[in-house]
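Working notes for the structure below.
Labels A, B, C and D are assigned to the chains in the order they are written; within every chain, residues are numbered from 1.
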């Protein structure tokens, strides 16, 4: 067995000795299916980065190989990861929208001598499964914790939490609860609803009956979010003054046109808003909008991918194009730069991105489109989820 | 007590929306004996057209509804001619394969043509907002959906039971050869029924869009729900479908209120229980 | 001889409509009985009650002295009450050999065996070939049923029934739909049925009834109106009325 | 009946025929497996996945193709096997791949029995809906029992030992592939025996006319339940293979999508034939892999077109239609 690995390593090493090489990066994400929009954003972010920074690092040409995984399907993800490493001989794996898909691939990183840059999957625990993982997106804990403080400071003492019954939802529930109780508030009820919920009226009734002053919600983006926000308005919760708090997944820019006026005034905390004001972001948005074709479809996975590419470029620089996963990861530990989302750095210990989290409110922009208007900044937020899991 | 009323209203509204969207499928499956998994795809096409007409062209909601129904039927005609005709009377599995294939194609095309984002259909002014019922508020659109459901149920019942077309349709369903011998042009009857079913799908897609928003995966996402509702009611039976929708709507709504985390369990356990007691569906005819 | 098959006061109503009313009959091994009756007399319901596909409102069915009223259709077959169907119900894609083989295996409780092929089971094949031979189907043994003529399918129905080694055989119009040229073979097959088997034949064709039956039962409006020798049946006034209506009586009077 | 033993008056069928076909079948699978290994040594993960799904589709063929029970919930059996194998390893430290497979087989069979109890209460369309309800219940159950199954994050920490203590499951997937090929071959040979056995004949009879089978004194439901258990064992093997080879199990193994895909593959290949099931799986998954790699963004349309084309031009499924064509040609030449 050991021999096989050695042979493989030798083979891989041989293939990477040539000077002007093509360095392949395998990107796994949902490019079709219900989450195709997120995959499209991956591609937009990557394309934008390469348009702005060229497709060469030193003398090496970077080539991206996309592989489609429409929904969370770890078996498929593992097969794709294996194929990318063994057949396509990629030196970097990136992408991964869903946590299980990322978790399926982490065990083979060491054997394949390939680092993985996660551009979205937001569960804290992934980082523990392999030392070769770096994440440039966010965790649900990271984005859901500050909103608890926001809610408490807004004078809300009793909150009901409503989350979709799956990994990220449960993370959000725990993160909010931890933050809110610590601040001195009370979570009066925690409701978990099935992912496939079409009609939210009964949930709204439940919220009303709970006597809470505010509601904290986490649902996957798409139709469910739309249904939830509409029900919140239609059932008179907004009119009754029950405040709405959520992490920014809920008011993803690509969903805002559909949410329309219903979403106005909703407060969320998140790491990135397309409307973020900075020269870096302007450059990024212009390039990414061009890549995706329709600016309205642009949202946060694009920035995760953009920064992911930045990290990969740095890794390639550090290793001189040679395949050395450990060295590559080592090189980006503590790396800091100004991302379109603001100043960020890679935490050397957790290899997760440290970044500003912004409080935003859905508002109408100057051109009549809906935006997440940033109103407050929580600086240099790490991932509280990893600590909580211990 | 207030809560009970409130849940009852929600259940009714949800059930009626389900009914409006699913009843077309009941027509294809019960009367034409086609397991039409592409039903949701036609509803989605209707939704897209309505969204385009109302939002991008800025025409009114009423125009959008009519355009959605008419254009969806026009789109469906060649599909019926070229593809569905080949599977009438074929084994169920063949029908499943064909209609899933059609669904995949429509999803792919919708994704390409309309993009992956959610599309909304701006409501007519009088349908926006909510009304206060005294013990709770409910969106006017929900009430509109309830009325639409009742209108569709009555209209279909009338068309099938009281018109000469209904007589021909029932004859064709009971015994196609006999009906043909009596001078009924079954091909035309089938074509019209298919058009009606597709039109109902489109109508349901538009009216239900507030609850089931239009996006490319609409066609697959809700396929199972439609199939379940129709089968529990007993395919082809309008009262059956109505009862099934109200019953499942009530179970779903109550379940989601009382124990949201077990919402799915309630729904599907109820489905299993109902089918075990009524193996042919609530209104299924015993042979 | 003690009766092998008894029906006592069998009654079945659908809502208010009594379809089978107080029917009793008894058969001994070797009996050859024909059950006739005009359309709508309740023959089909009677068959369903006897075979256990329909529960009776009241009354009893006994097989070899055992009350089987509460035994389901499958249990009755296993206790020796076997039927054939008015319209052949055969497996279109299977061969006559497979049909008979399956029946033999089922009778012996071996149809659930997961391994081995009956074609390789000598004693099963011996029985299969004997039965097919007897009914003149040997040459068709390995053709698919859909390829063989209807008359031969009827014979195969009988072969399948016999393979189950019944004590009581219910033949539901065994010659229905068979062209005139082939009825001879079916009659021959009926004549060759095992002598100790009790046979109840439901039939319209009076020629066949007279040639086959030693006893005729007439069912009309759910009740037995005649139970006796074939020779007497046409003379019976109630039978004439049941079949010919008032017209018969009128002509009689005239 | 004793006198008849040596009186075989009907010509006995050439017995070698079916046995020869078995050998050919095994040989064909072996050749395909070897070809896959030699031609696509870098795609073994995909090929192993195909093997696992092929077992699911074979299992589905047993109940759908051979018994006429249409189901959109067969992944319940597959997923139970996968989770059982995964839980054995992740929670109980039973890492022997053979024991894990055995666990998968048992769990699949039990799930099969459970499903049968519910499924056999109705027929036709309502039955199809029962299967859908079942798969959603299984799915929800696994989601709820997240301390056992990892919920929507998936069950990780599955670390199978080397097979026979020698062959390790490596990055390149050699061991997993051969392990899968071996499982598929064993399952195929056993199933060939089963479908030709008296029981297989009984099931074909049930598919055509359950009432007739009742009139022969056999209980269709008992037979179907038995077939469901066998089917569960086969699907469970596939699930275990999936868990062992990918070392992770997630809710998609118990999903409606997985069930529906399996049904599509079966119908695509041709129901009621083991080769049809295998051909359907191979063609569908290779096609999907090819078009989704060629165009990750719009491949679904291509798959749709393939399905429609099959219904229009090969109504018995690809293998079924091809087989019928060659049989006809063979007869014409005779």
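Please note the rule applied: a residue touches a chain if its C-beta (ideal position, glycine included) is under 8 Å from a C-beta of that chain, and two chains touch if they have at least 3 such contacts.
Only a predicted model underlies this, so the values are computations on that prediction, with no experimental measurement involved.
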Taking each chain's C-alpha mean as its centre, the one farthest from chain C: A
Cα-centroid distance, chain A relative to chain C, in whole angstrom: 73
Computed distance of Cα centres, chain D from chain A, in Å: 37
Whole-Å gap between the CA centroids of chain B and chain C: 48
Rounded Å distance between chain B and chain D, as computed from the means of their C-alpha atoms: 33
Two or more partner chains touched - positions in chain A: 32-33, 36, 40, 165, 194
Residues of chain D touching at least two other chains: 140, 298, 300
Set of chain B residues in contact with two or more other chains: 111, 261, 264
Chains grouped in pairs wherever the two touch, ordered by label: A-B, A-D, B-D, C-D
For the chain A and chain D complex, residues of the former touching the latter: 1, 4-5, 8, 31-33, 36, 39-40, 66-68, 71-76, 78-83, 85-87, 99-100, 103-104, 107-108, 111-112, 123, 125, 129, 165-167, 170, 194
For the chain A and chain B complex, residues of the former touching the latter: 32-34, 36-37, 40, 165, 191-194, 196-199, 201-203, 205-206, 209, 222-223, 226-227, 230, 233-236, 239, 254-255, 257-258, 260, 294, 296-297
Chain C - residues contacting chain D, complex: 51, 73-74, 77-78, 82-83, 85, 89-94, 97-98, 101-103, 105-107, 110-120, 122-123, 125-130, 132-133, 138-139, 141-142, 160, 164
Chain B-touching residues of chain D, taken from the complex the two chains share: 64, 70, 118, 121-126, 128-130, 132-134, 136-137, 140, 144, 256, 260, 263-264, 267-268, 271, 298, 300-308, 310-312, 315
In the complex, chain D residues that touch chain C: 1, 4-5, 7-13, 15, 18, 193-194, 196-199, 201-202, 204-205, 208-209, 211-212, 214-219, 222-223, 226, 230
